[in-house]
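Same chain, two partners: chain A is paired with chain B first, then with chain C.
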Partner chain A sequence: MNGWTGTTLRVDLGRGTITREPTNMKVAHDYIGARGMGVKIISDEVDPHADALGPDNKLIFAPGPLTGTFAPSAGRYNVVTKSPLNGVIAGSNSGGVFGPELKFAGYDALIIEGQAKKPVFLWIKDDVVEIRDASSLWGMTVADTTEALREKTEPDAKVACIGPAGENLSLIASIMNEMHRAAGRTGVGAVMGSKKLKAIAVVGTGAITVADPVAFKAAVMDSRDKIHANPVGGAGLKAYGTDVLVNILNQSGALPVNNYQDAYSPVADKIGGESLAANQLVRPKGCFACVISCGRATKVTNPLYAGVGEGPEYESAWAFGVDSGIDNLDAIIKANYLCNEYGLDTISMGATIACAMELYELGLLTKKDTDGLDLSFGNVASMVEMVRKTGVGEGFGKRLAAGSYRLAESVGRADLSMTVKKQEMPAYDPRGVQGIGLNYATNNRGGCHVRGYTIAVEVLGQGAPTDPHATEGKAALGVAFQDLTSALDSTGSCLFATFGIGGAELASMLSALTGVEYSVDDFMKAGARVFNLERLWNLKVGYTAADDTLPPRILTEPIKTGPSKGEVNHLEEMLPEYYSLRGWDENGVPTPAKLAELSL
Partner chain B sequence: MLIKYFATFRDLTGELSRKLDESPATIADLLELLSVRYGKAFRGAVFDDGALSSLLILLVNGRNVRLTGGLSTPLSPTDEVSVFPMVAGG
Partner chain C sequence: MSKMLMIYPNKCTGCHNCELACSFEHEGSFRPGATRVHTFTWEREGFSVPLMCQQCDDAACVNVCPTGAMHQGPAGSNLVEFSQDLCIGCKLCVIACPFGSVRYDSVAKSIAKCDTCGGAPQCVAMCPSGALEFVEDAEQTRSRKQVIADKFKTIFEDVN
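Moving on to the complex of A and B:
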């Protein structure tokens, strides 16, 4: 067994049973691992109509075959489950060192099923696996939980856990590891909370065997060199972090402002990566085997928002920043720290606050609703306080904890929730960048940028020049990015590795590692298989082509100012071609021929 | 004409932005003018053997010049030009 460990761990919290199973190697070959393996397990074992927060849902933690090796920036694990936010087959991935540790402990996947009757944590040290009482941890923040677990187990244990938000079943709760890294999206933290699983602590001492060490080393070094040679992967991300995107998206007319009411801000520079590097950055930080180091270890000395931690990423700076009418980077970082402490998705949290602010300014929410807070756009103190209230599930925070769709729907204005399939869109306005709108509309987990990052080509100049305002060619671009990301996620690699390498390099490393020959076509086909299986599951849940859409504002309300003034998204020009290229019928259903091609 | 600098170009120029009284006719003219002002390191960052550097993102009123004629892109006195190195994120 090479690359994969050959063992899957199954823990039934309801029955209190722990079993080891041989990993299904046919599944491993066809779906690679991580996201792909998790999707296959959920698809096979979970009823699409199961209650996402009930005992019949399952929660998969899966590193990929490259995870834990010295392949560049391949330190990630995926969480896959049925989302409580929107019911789709969901998932989120995270870096840090938790994923590699789970692999070193000997597992390709950890399947959590059932529900415990009282709070528990899972202790894994190689073959020793125990379900332990976590009553004393329940209610603790992420940092306190992590430190307490290291005292209870071993000082170098790697911990993934939920904070109070996950315990309170917030639909935008994340799972955190190493205190600051997040599997943030789709409400995976609420599923962990519903199972009364506070944390998983892991120590792994095993090794990963390699089929062809000489070829693997050569393939890895080739990929490392290419990432280093790329100006983005090699130096750009390390110097400024992802927050450097604030200015280029703003200058391109695609930085959403005030809940997507506009797409340009004259004060955006105050929250960008340049400002962060000059004022709050302590040092860049990388995950396991990272050659990029986009992470930001930061410190805020402003007494109003003082603290030490990590972040913000671009998306977080945007959501708590200009999307909420705010240009105070200290406060934005404080909001980010609170999300890390309480275990909240920064994108959905910030975008939900932005939505609440618009509803407040329209008079649809009043101080009677908001515990007396003035929620006008730009109110910095209220923004930070709303994060705290959401984190602990207090007052108005309970409504925010369900995300912007349910909040806006509760006052009869679901159209003002900037969501796709009830998940908040990230920080790229689809009116200013057409292709990312197509990706949002068709993404299997709802509003999401990382699983089809066409921005790399449309705005950031990677590849052939492409007009962000044009719709031509965007369907093919979207399919290619979605399939590549599905395969990449399944290896356990970081998306940012693609600023330097692509399917050829990933397939080469995977082949030398596992001994299973993957051509580039095999690799991309595995990605398409994962993506289509997710689609099939979502169709069973009840999603239809009508859900492959964008908020009405994006389709009908032109951008008011800036370089993209007057633009709307023309999804209708791209979607039919997208379906055709996907091998789906006009209703967005994969055809029998496509299913046969993908062995689905 | 307003020139805005971002990321490493702030270090290269020592400025956040600059208003030009001159009105260069094209992007090539503008970059030549700025290279004279800021020197060798700036020139090396914007030109590659006389061509537009592939490591540069240059926007005129929000439009990438690679879509509008590259070095031949015409300029007018009211234009806003944004100068970025290759950046990324997500």
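Moving on to the complex of A and C:
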């Protein structure tokens, strides 16, 4: 067994049972691992109609075959579960060092089932697996939980945990590891909270073996060289982090402002990566096996928002920043720190605040609703306070904790929630960049940029040049990125490795590592298999082609100022071609021929 | 000309590529216990530092070794060398090293200590951030001095 460990760990918190089973190697070969393996297990074992926060939902933590090796920037794990936010087969992945440690402990996947009656944590040291009492940890922030667990277990334990937001079943709660790294999206933290599982602490000492060490090293060095040579992967992300995108997207006229009321900000520069590097950056940070180092160790000295920690990413700076009418980077970083402490998705949190601000300005929310807070766009103090309230589940924060869709729907204006399938769209306006709109509309977890990052081509100049305002070719681009990312996520790699390498390099590393020969076609087909299986599951949940859409604002309200002035998204020009390229019928259902081709 | 390993914690991103490279070079696999370099990270502050054998001239591990398995390298090499065939596994070197950089690996049943990969340390080769350097004696602090020299230059240019 090379690359994979061959063992899957199953923990039933309701019954208190712990079992080890051989990893299904047919599934491993066909679905690679991580996201793919998690999706296959959920698809096989969880009823699509199960209550996401009930005992029948399962929560899977899965590193990929490349995780734990020195394949560049491939140290990630995926969380896969049914989302409590929108009911889809969801997931989120995270870097740090937790995923590799789970792998060194000997596991391709950890399946959490049932619900504990009292708060517990899981302690894993190789073959030793214990469900232990976590009563004293319940209510603790992420960093405090992490340190307390190291005292209870071992100083070098790697910890994934939830904060108070996950405990309170916030539908935008994240799972955090190494204090600052997040499996942020789709409300996975609430599923962990519903199982009363505060944390998982792992120490692993086992080996990940390599089928062909000479070929693997050669493939790894080739990939490293290509990432180093790429202007984004090799230099840009290390110098300025992902926040470098603020100015780039603004100059493209695709930086959403004030809950997507516009897509250009004259003050964007104040919250961009260049400003961050000049003022708050301490040093770049890297996740396990990373060669890119986009992470930001930061420090804020402004006494109003003082602190140390990591971040923000571009999408976080945008959500707490210009999307909420705010240009105070110190306050944005503070909001980001609070999300990491309480375990909240920064994108959904910030975008929900932006939505609340618009509802407030329209008079649909008043100070009676907001615990007296003035929610006008640009109110910095209110923005930070709303994050705190949401994190601890206090007052108006309880409404924010359910995300913008439910908040806007509760006042009769669901159309003002900038969501797709109830999940907040991130920081790329689909009116200014057409292809990303198609990806949002068709993404299996709802509003999401990373699982079909057409921005790389449309805005960042990777691959063949294309006009971001054009719709031609965007369906093919969307399919290609979604399938590539499905496969890439399944290896344990980071999306940012694609700033330098693609399917060919990933397939080559995977083949040398595992000894299972993957051609580029095999690799991309595995990605398509994962994506289509997710689609099939979502159709069973009840989603239809009518849900493959964007908020009405994006389709009908033109951008008011900036380089994309006058633009709307032309989803209707791209979607039929997308269905056709996918091998789906006009109702968005995969055809029998497509399913046969993918062995589904 | 002999060389030494220099560590620049301020450049370390905490990525563990050094550990992976070390394990892979010595064992062809990725196993935490096989690595001779270890990175410590303070997560709250985002600070990391890699640590490995300092190749001491007056080495405690050499001084306590009863068989000569741990010994100084040839004159001018600046290395502490280890000969597996002379080792009886008494682990006195592990106990003696004040830096914790000599370990006993119970899986390989062997002492694990940096051997600079025979003069081409893979931790240095795979470090993506320049936090590790393997440099000639005469050059060992050059890059650190360069940083200070650059600051001097800026200050004096400002003054003039």
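Just so we're on the same page, the second predicted complex is superposed on the first by the 600 of 600 C-alpha atoms of A that agree within 3 Å, B and C clash if a C-alpha of one lies under 4 Å from a C-alpha of the other, contacts with A are read in each partner's own complex, and residues count from 1 in each chain.
As a convention for this text, contacts are C-beta pairs under 8 Å (C-beta built on N, C-alpha and C of every residue); 3 or more make two chains touch, one makes a residue touch a chain.
Everything numeric here is computed off the predicted structure, so don't read it as measured data.
Engineer: Put the two structures on top of each other at chain A: do chain B and chain C fit, or clash?
Structural biologist: Partners fit side by side after overlay.
Engineer: One more residue to check, A:Gly273. First (chain B), second (chain C), both or neither?
Structural biologist: A:Gly273: touches chain B, not chain C.
Engineer: After superposition on the shared chain, which partner residues are touched by A:Lys82: those of chain B (first), chain C (second), both, or neither?
Structural biologist: neither
Engineer: How many degrees apart are chain B and chain C as seen from chain A, counting from C-alpha centres and rounding to the nearest 10?
Structural biologist: For this superposition the angle at chain A equals 80 degrees.
Engineer: For A:Gly309, select first, second, both or neither according to whether it touches chain B, chain C, the two together, or no partner.
Structural biologist: The second partner, chain C, only.
Engineer: In the overlay, answer first, second, both or neither for which of chain B and chain C A:His449 touches.
Structural biologist: first
Engineer: Under the stated touch criterion, which partner chain does A:Lys389 make contact with: chain B (first), chain C (second), both, or neither?
Structural biologist: Touch status of A:Lys389: no partner.
Engineer: One more residue to check, A:Gly562. First (chain B), second (chain C), both or neither?
Structural biologist: The first partner, chain B, only.
Engineer: Considering only the touch criterion stated at the top, classify A:Leu237 as touching first (chain B), second (chain C), both, or neither.
Structural biologist: In the superposition, A:Leu237 touches chain B alone.
Engineer: First (chain B), second (chain C), both or neither: which does A:His570 touch?
Structural biologist: In the superposition, A:His570 contacts neither chain B nor chain C.
Engineer: With both complexes overlaid on chain A, does A:Arg35 touch chain B (first), chain C (second), both or neither?
Structural biologist: In the superposed model, A:Arg35 contacts neither chain B nor chain C.
Engineer: Once both structures are overlaid on their shared chain, how near does any Cα of chain B get to a Cα of chain C? Whole angstrom is fine.
Structural biologist: After superposing on chain A, chain B and chain C come no closer than 15 Å at C-alpha.
Engineer: I'd like to check the shared interface: which positions of chain A are touched by both chain B and chain C across the two complexes?
Structural biologist: After superposing on chain A, no chain A residue contacts both chain B and chain C.
Engineer: In their complex, what parts of chain A are in touch with chain C?
Structural biologist: 68-70, 75, 97, 100, 104, 143, 146, 178-180, 204-210, 213, 217, 224, 282-293, 295, 297-298, 308-310
Engineer: Can you list the residues on chain B that touch chain A in the complex?
Structural biologist: Those residues of chain B that touch chain A are 4, 6-8, 10, 16, 55, 57, 59, 61-64, 66-67, 82, 84-90.
Engineer: Mind pulling up the chain C residues that touch chain A in the complex?
Structural biologist: Checking each residue of chain C against chain A gives 10-11, 13-17, 20-21, 24, 27-34, 41, 43-47, 107, 126, 128-129.
Engineer: Provide the residue numbers of chain A that touch chain B in the complex, in ascending order.
Structural biologist: 231-233, 236-237, 239-245, 247-248, 251-253, 269, 272-274, 294, 313-315, 449-450, 453, 455-456, 460-462, 465, 467, 495-496, 499, 562-564
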